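Here the structure comes first, spelled out in structure tokens, and everything after it is commentary.
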Amino acid sequence: MLSILRNNVLTLFFIIVLAISFTTDAYSQYLINLMLVYVVVAQGLNLILGFAGMFAFAHGAFMAIGAYVSALLMNTLGVPYLIALPMAGLAAAFVGCVIGIPAIRVSGLYLAMVTIGVSEIVQWVLRHWKPVTGGTDGMLVASPTFFGVEFSDDFQSFYVIFVVCALMTVLAQFVIRSRLGRAFVAIREGEIAAQSSGINVARTKVFAFAISAFYAGIGGSLFSLTQHYINPENFNLYQTIMQFCMVIVGGSASLIGPFIGAVILTWLPELLRNAQAFQEIGFGLLLIVFVIFMPRGLAGLLISRNILPRERFSRAARLRKKPEASTSVVVERP
Amino acid sequence: MLDVANLEAGYGPHLVLKDLSMQVPRGEIIALLGGNGAGKTTTLSAIMGLIPTRKGTVTFDNAAIHSKPAHRVFSHGVALVPQWRELFSEMSVYEHLELGAIQRGNRQSLGKRIDDVLDHLPELRAHLERRAGTLSGGQQQMVAIGRAIASQPKLLMLDEPSMGLAPLIVNELGRTIKRLNETGTSVLLVEQNMHLALSVASYVYIIRNGTIVKHGPTAQFHDERELFQSYIG
Amino acid sequence: MNPLLKVEGLTVRFGGLTAVDDASLAIAPGQIRGLIGPNGAGKTTLFNAISGLAPIAAGSLHLSGVDVTSFSAPQRAAQGIRRTFQTVQLVQSLTVYENLLFGLHSVARDPFTAFVVGGHAQRTNVDADRILAEVLEYLGMSDLQDRVVETLTIADQRYVEIGRALVARPKLLMLDEPTAGLSPAQLERLDDLIAKLPADWDVSILLVEHVIPLVVKLCDRITVLDRGRVIAEGTGSEIENDPVVQKAYLGERLDA
Amino acid sequence: MEFAFLLSVGVSNGCLYGLVGLGLVLVYNAQGIPNFAHGEFFMATAFAAYVANVLLGIPYALSVLIAIAFGGALGVVVEFLAIRPISTNRALGRASTEVAVVLSTVGLMITIKGLARIPWGDSVRKLPGAFSTDTITIGSLIISTQRLLIIVVAVALTVCLSIFFARTSLGKKMRATSQNTTGAKLIGINTGHIYSATWGLAAICGGIAGILAAPIIFLHPDMGTRMLLKGFAAACLGGFGSVSGVFVGGLLMGIVEIFFGRYLSTSMMDIFAPIIIIVVLLFRPQGLFGTRGAARV
Amino acid sequence: PGSALAADPGITDTTIKIGMMGSLTGPAAMWGWPTINGAKMVYDKVNEEGGINGRKIEVVVEDDQCQAPLALAAAKKLLSRDEVFMLHGGSCSGAVLPVREVALKEKIPMMVLVATADEIVAQPNGYIFRAFLPGSYDGKIIADFLATAPNVKKVIAVGNTDAIANVRYPVLEESLKARDLEYLGLEPIEVEATDATAQVLKVKSQNPDAIVLVARPEASAVFLKDAAKLGLDVPIVGATVVDLQDLLDRVGDPKPMEHMHVVSFYKSPLDGEPMAPWVDMLKKYYPDDKVQAAAFYGTSGALAVVEALKRAGPDLTREGFVKAMSDIKGLDGGPMACTLNFATDDHEGCKSGSVWGMRDGKVTAIGDSWK
């Protein structure tokens, strides 16, 4: 029984979220929606930062692209959301590919700088391309309509966000357990060895950017549903840093990490509301305490304590029902 | 001079060394031999203070060093050539030797001490200005050895120094160890190369599963068959 | 007989340093070729050049008659050139099984990747599982398959590296000092393994080693490299008795 | 004349960026990470000078010294409390340590800023400049004395630090520790002291920049944020790991920025820096003066 | 949702609950408590005097950090957890605009605290009111003012390009043209600029007769200093985003301020006679608060709310309140230079300000034409 739970924590998470949503008020519902949106974006960031080990700091910009593309498609062309949403993801993925090209050569902090630069450029375009983006005034986002029903309030948009988030989670699991996901890990651990196993490092990096940006684009589009109104400030560097915190606090390179991170970072500021003056400080201190005591994130801690199963990178290995011989032992090369 | 008594150490929850005792008398070359994963590297790391000890004592020159951090152990005159070399990949070979020498002894003799090292490891002379990260495996091994002996330690611990070295150099290494020993350095040598180990050591400890299972003067081990048996068996 | 690998006039330079200088060699199918030489002779660099990790300044490289000189590293891996590393290069946090899967990267294409990248799912996961099981069985590591690599001894890690190369059924397997750090017992075990690899896996082997008795025993022919140049080539006993090689590399026996 | 004037302003701006970048490079060399809290050293030290000079009425020069000491101490304390526990965690691989340390610096950034907001969040304050005369005139060129000071200090600090790293043994020990901590311990380096020294020095560099910039940009808790980005950009442009590289990187940014602004478009001034950086890094992925890492197999 | 008979949320026989939001923490924190307290003091005073129609005003304050997601969360918390009667808040336009959608949809009356974007209060809008000079209006005031200045033909704008500044440029351009002044365009300056040399030189090269400066205090101060240094001496008029006294404190030197004028919300400088009662009120209820320009931005809004609550009578409903508010005409703006006039189809209550300038080294209210 316990082991079933242990192996299906995410399913359980979705069931609980669904259950809560029947009994809650608009405030909590809104936060749940926001949390699920962050889950999607953080998953994307986790793929590139956690799994592929690349310092990409442009997720705010990717979100912006997703949000603006879907909003523009719906507002100006009247495209249904079912089409606008994937288009948002694809548009972001396209930009991701373009950024992925320098990433082939540039790594580490330099990559961080390049991606920060890209987000600044995206910000600039959003602020200055008035006729299209509305500039700093931002723009209203129409509510999506499915089969003639408008999904406008928090309770209704929840269903959209919930379904998309679940689908994206399944997709993430697929990616991780595919050879692409393994290639991410391989280039993180050492490009040289990866290459001589036949992994095309350049292509893998571009893919990492594309998929990760796809998630952020979808996330951005969903984000616009929770806000009904978007402006460039929603997607600045601060947003990117928040996503980064979610991945690390939750536990990078694990599927569950972004969930934990998004839950904590969405609700923590709300819980700190009562401590108004100390909200910011409390938040900062908590981050520090978190990384000191669980530098691999909460998920990493739970995995090393054997409470959660370790991440699998192959499907077959899971099918073969073998007792787990050993789990990861903490290791330091002396 | 070095006295390890009932040592216990390991990694996280994982205990590797159990009740390990051994001695390195002054001026001797002692070999510590054992199969892969027996705990040799762990022993050296524990003595050096790189990993914490849980039980037991390590005394060096009558000073207890088992709870001291590595840099303090070093200042007592213990140097380690680690199995994974641990070089500074962006720094030049010369800087390695210099850094090895800098923390002990006086500044004036620095140049001379580095020169001494280069006399022991002449191959390095040609590469003094190269960055360590670009060197070949064997060249890196020589840098690691050079860095350790530059500090003119009282006790030199070598973890598989012959790994990756060409036969010619291995022979040279054997002679170097002996020469160092003659100038007063005690040596604790971990080796897989039996030829080398048995030709320089005066006394042998054999470790298995984290404890010493056999020890005695080298002569006792000269029958290699028996030695293998004690590994595998 | 056509050589499996033909290296002609290969030169690799790093800035002012010529690490491999106009080196040529040819390896016949099924052959075990030894590559020895002093430290810094350019053995690893030659490996890197053949596997596509070091820039080739001059010379050419043919695999089974195909000119692969301009191929990238992953392309060469896909062509069947696989290798191990002087210092083990595995993903330490993953299991043995997952590490072996890396080897299948260019061969197997699972349904998801096929969907994204296009093309057919050439091998299903079940196939992959079968191939891996076979290799693990062969290496005698079936019971270690779910162990995380960082908990293995150096010997087993070297086996995993060989396994990662073998799963792709390479034509040429290059082993860079596979015995470094192995105990005599493990050395014997590895020795036996290498000896039977060519017959069992239809693979040629290029072996870099400093343990001369092992090289002499295993290899059909031996190439000696010094300062990037090929200074001798021949059978084990020819090499052992070659005065040039003795002077540059072997030195006199310690016990002699 | 206009050209000379623009140049003088560009150079002084660039020196400021370089000065901020210096501290970032120090921490990068020790820990291999960007220090997001660096802007806070900048801010905190400037406020310390403000408290000493304006609130407590201590003479300017003495206040500056006190503030610098405070900044250095802050760096040491912060490293000890928030960075050391992570970097000495044996159970972590290098990569996870780095990521965790980055997050810790983000936490520090938020915390220190939050702390500064309690007394000073309500409005903007002013720290006087080092000289009583605001500008001096050389020929037909009017230069602000504060900017002149920035240039002098930046050049001096860069030269000192370059020599420090290349020549002194402490500098070498710092480099060694950053490249391989275990290796450093093995040759008797007290790596803890090295980390303290590095962070202290980095904070001092940031602090000096803060004190110098404060008279120009005013004091407020967020004053470090933009500077952090500029310094980071300068360091990338010059190549992390090279002290003089950062200086040149900063200089380049300052000069290009002002000339582009003047002769092309001021509205694009904000994105010149990112564009230049992306273009430069595309051709030199390790920055202008950085060296490619010596990683091989 | 309830029957028509049930009272609206947030009202009991003895209390009215008002939800206030502001950026209490985060980068815009300096606008947070000062503006909230400046409004709250009006409520405090009303409570001290016995409340409105027997009800005391209960205020719940939430933080929005000037970020849209958090502002929405704050608004939703106030509405669904605290069940407030109305909202009074918002410091940043970007954060208030999503809240606007909620207020309109849920039919919640809302008084804007200090956010200046036109869209927030633009029609169609049945529920949201504002009682201070909105952003775009100072463009017209500036144009009218410059038209009366001697020898001014060509005008150039220098300013930020963030949301706060951007709303002002279209109206400015339009009004300048309407006054037959030539508009030379906008020279952007970063919000956090440390240097304005490039801008000053570009402006100089175009030879304008006057400059409109639409930049936040930091950038304005930088620009003024550099302008003085480079000898750019034409009249400059600043928008309401800066306060002249505050600017003078920042620049610290009267010389660069010589030509500076600023459109102000207020009847007089803080030490002037008309402001005295408000300064005293602040000192009474919030003695720790700094007496600064920002402190009274929200006051007029609170005055309007109180007036509307009074007029709506004892049977208070949200609809009744909105109606009462829409009927307010000619209400004194308190510290504000304008009188408040609302209408059903115009919720922008305050449309005038006054221009201040430096006269004899002192901050002086000049009025609406050049003197």
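Think of it as A, B, C, D and E in the order they're written, each chain with its own count starting at 1.
Here, a contact is a pair of C-beta atoms (placed from the backbone, for glycine too) under 8 Å apart; a residue touches a chain by one contact, two chains touch by 3 or more.
Computed from a predicted model, the values in this text were never measured in an experiment.
Asker: If you check the contacts of chain D and chain E, which chains show up for both?
Answerer: Looking at chain E and chain D together, the chains touching each of them are A.
Asker: Return the chain pair with more inter-chain C-beta contacts, choosing between A-D and B-C.
Answerer: Counting C-beta pairs in contact, A-D comes out ahead.
Asker: Looking at CA centres, what chain is most distant from chain D?
Answerer: C
Asker: With chain centres defined as C-alpha means, what is the inter-centre distance between chain C and chain E in Å?
Answerer: 73
Asker: Using the average of all C-alpha atoms in each chain as its centre, how far is it in Å between chain B and chain C?
Answerer: Distance between chain centres, rounded to whole Å: 30 Å.
Asker: CA centre of chain A versus CA centre of chain C: separation in Å?
Answerer: Going by mean C-alpha positions, chain A sits 40 Å from chain C.
Asker: So how far apart, in whole Å, are chain A and chain E when each is placed at the average of its C-alpha atoms?
Answerer: 37
Asker: At least two partner chains per residue is the criterion; list those residues in chain C.
Answerer: Chain C, residues with two or more chain partners: 44, 53, 85-87, 89, 92-93.
Asker: Mind pulling the residue numbers of chain B that touch at least two other chains?
Answerer: Counting only residues that touch two or more other chains, chain B contributes 11-12, 50-51, 82, 84, 134.
Asker: Quick one: which residues in chain D touch 2 or more of the other chains?
Answerer: Within chain D, the residues that touch at least two other chains are 90-91, 93, 114, 117, 182, 267, 270, 295-297.
Asker: Within the complex, which stretch of chain A touches chain D?
Answerer: Result: residues 49, 53, 102, 105-107, 109-110, 112-114, 116-118, 120-121, 124, 128, 188, 192-193, 237, 241, 244-245, 248-249, 252, 277-281, 283-288, 290-292, 295-296, 300, 330-334 of chain A touch chain D.
Asker: Write out the stretch or stretches of chain E touching chain A in their complex.
Answerer: Interface residues on the chain E side: 24-26, 61-63, 67-70, 72-74, 76-77, 79-81, 94, 97-98, 100-101, 105, 117, 119, 161-163, 166-167.
Asker: Would you tell me which residues of chain A are touching chain C in their complex?
Answerer: So the residues of chain A touching chain C come out as 174-175, 177-180, 182-183, 185-186, 189-190, 192-201, 207, 312-317, 319-320, 322, 324-329, 331.
Asker: Note which residues of chain D are touching chain E in the complex, please.
Answerer: Per the stated touch rule, the residues are 2, 5-6, 9, 13, 16, 114, 117, 121-124, 126, 134-135, 142, 144, 213, 216-218, 220-222, 225-226, 258, 261-262, 266-267, 269-270.
Asker: Spell out the part of chain C that touches chain A in their complex, as residue ranges.
Answerer: 51-53, 72-74, 76-78, 82-83, 85, 89-95, 97-98, 101-110, 112-113, 116-117, 125-126, 128-129, 132, 143-144, 146-148, 150-151, 164, 168
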